[in-house]
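Here chain A shows up in two complexes: once beside chain B, once beside chain C.
On to the complex of A and B.
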């Protein structure tokens, strides 16, 4: 019980700090907005392939997530608060889950705002045809990005080139998530009969569980330098 | 001093070693502290003082050896030990974008304290920061940060207070205020202190136990009453071989 309570306390603190500074949300949202404008200009007067649009959407979400993930431990590290958290009588994995859930929350908010913008910019309503299923895919995909990204963010936080190193480490590991969410989203948008949604959904769930378990077991050693 | 002649050991450090790759940061450290002791560990930069404090406070693990605090082994019961330890470092461990009060409430909740608001108010008054309770911590001076850091460390009423070079960056007035807080804590006689410092005079005045750490080795350890300040300074310089420039 104390484990979950501590996670909630940590998330509340991060949300409160973010509401004051708006550092993570602003950078993520602006990145998505500006990238959409650029793609909008690039595709003016051209018919857009829906598969391509889905790929673009997830690439934008991934890059935006990296912006948020790279900031997630910086406050703690720069002010020494990571050590402050490490001397509280809670399991070290509380810090991981608090950060990972906080990151998931920020990524989902940015995605929730961006999806209607996608429809607006590309006059494409198919994104919103099955909102519940789409939310499920967004949730599981973002959970995968957040679970791996938070662990790698903690690993890179002690390095000098941490903001460069995070995407270099994250992108290869996150490829299975990206393939799964793109396949599932294409299925939701186009109902492509060659895509087996159950397989990709199960694949995504197993990936998320494996990485959450790996992080749970290794985080203590990761933050101990 | 608060040392009780018959009080049992509260901290026992046995054969403690810490290696960072090939670098030996701490070599076979043995120490025993009784309740109410105030031990100051002196040593040049890179001697291993902060590493020792980080191991006692459970931030990092030793390579080998054992620490017992109140009969609990650090390797077996780190959560229980964290309940008994407060750490004040040169880094205040405070969130700049939260107010002083919010910082204390956050840490109090992480320590699962009851009546955390009451405790936060009480400690803010104790460190003289009640008037800045609702101000963002990033607007605080270095001295105020260290005072708030003491309040944070005392939230859960720890029996052991670790002070890792707490005077770093403090101006004379802030140092004086910090001294008063430490002295008032000493008078309460319910804390055992381990402080690391470069300031031989201040450390000598505060402590009833003195130790010198050089290159990871505990090269000297004595009761403060058994040595004069002049002799201690002489021994310190002999041990560090004049490496350190104050």
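On to the complex of A and C.
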């Protein structure tokens, strides 16, 4: 019980700092918006079909997530807040879960605002056909990104290259998530009979559980000094 | 102990040298030229052993990483470092020979529909990342911890990558180039293949041991320098 309480306190702290600085959210959202414009001009004169649009959307979400994830520990590190958190009498994994859930929260909000924007710019309403299922896919996909991303972000922040290293470490690990969310989203948008949604859904859940477990077990070694 | 290590290394060197020579002979002279694919099929005798050794190397990284986090023994870190480095070379061999074969068999260098090629590309990216991470941390103990965590994350990702890439194309119409159909190996081809597999594995063990030896010396020099206060 105390475990969950501490996690909630940590999330509250992150949300509060974010509400004051609006640093992560603004940069993530603007990034999504600008990349969308870039893609539209890059593909000018070409028909963007639904499959391509889904791929573009998830690629942009992934890049935007990296932006947010890399910021998530920089603040803690620069202000010495991480040391403060480490001397609190809680389990180290509390810090991980607090951060991971906080990151998941930010990524989801950015996605939730961006999806209608995608529909608008690509004049494609099929994105919003089944909002509840779409939210489920967004949730599981973003959980995958934030579960691995938070662990790797805590690692890269302590290296010489800092946030430069995060995408290099994260992208190869995140490929299974990218494949399954793109498949699932295409299924929701086009109802492609060749896609088996149950398989990909279960696959995504297994992925999330595996990496949450690994992060839970190894996080204490990452921030231990 | 030191003396024995040297003797083992000499023995491994001889074994690797001879078995590689035999493998070359068996590959190019003894075994027949495959009827359908022709001479290009001979890449198989290097491509597959390379892939096997790369996988073995990354598995060793995984095990050594877990053992390091458990016992905090810097020896385990040295093993995983050496194994990742040597493994990358064999993975590169696989990635180079694959497209050369594909150019003849499929008519193009790279086929994104071929799951094994894709998997090894991701594998390569994962462990290049591992080595880049090692390079980016200065403190020894911290580097060991970070590398161990990433070594575990990377290897846990491998089966997931394989499954997702396999199922990615499962329901798509794919002409499916017949890759090294396993049942189709004649006894002479089998012999060449297994000798080559053995030779590659011995070569890997030898290279791994030499790399570990070098890393240990580096470690020792660093310790001695610290003692002298420089």
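Quick note on the criterion: the second predicted complex is superposed on the first by the 219 of 225 C-alpha atoms of A that agree within 3 Å, B and C clash if a C-alpha of one lies under 4 Å from a C-alpha of the other, contacts with A are read in each partner's own complex, and residues count from 1 in each chain.
Rule of thumb we're sticking to: contacts are C-beta pairs under 8 Å (C-beta built on N, C-alpha and C of every residue); 3 or more make two chains touch, one makes a residue touch a chain.
Since we're looking at a predicted model, the values are computed, not measured.
By the document's definition of touching, of the two partners only chain C reaches A:211; chain B does not. A count of residues in chain A touched by chain B and by chain C gives the higher number to C.
By the touch criterion defined above, A:196 reaches chain C but does not reach chain B. Residue contacts after overlaying the shared chain place A:89 against chain B, while chain C stays out of touching range. When the two complexes are overlaid on their common chain A, residue A:2 makes contact with chain B while staying clear of chain C. Of the two partner chains placed around the shared chain by superposition, chain B and chain C are both touched by A:224. Contact with neither chain B nor chain C is seen for A:129 once the two complexes are overlaid on the shared chain. When both complexes are overlaid on chain A, the residue A:159 reaches chain C alone and has no touch with chain B. In the superposition on chain A, contact of A:16 is made with chain B only, not with chain C. Put simply, chain A uses residues 224 to touch chain B in one complex and chain C in the other. The touching residues of chain A, counted against chain C in their complex, run 148, 151-152, 155-156, 158-161, 165, 168-169, 171-173, 175-176, 179-180, 183, 194-196, 199-200, 203, 206-207, 210-211, 214, 218, 221-222, 224. Only residues 54, 57-61, 79-80, 82-83, 85, 87, 89, 91-98, 102, 106-107, 109-112, 152 of chain B touch chain A when the two sit together in their complex.
Chain A makes touch with chain B in their complex at residues 2, 5-6, 9-10, 13, 16-17, 20-21, 75, 79-81, 83-91, 224-225.
Residues 69, 122, 125-126, 129, 132-133, 136-138, 142, 145-146, 148-150, 152-154, 156-157, 160-161, 163-165, 167-168, 171-172 of chain C touch chain A in their complex.
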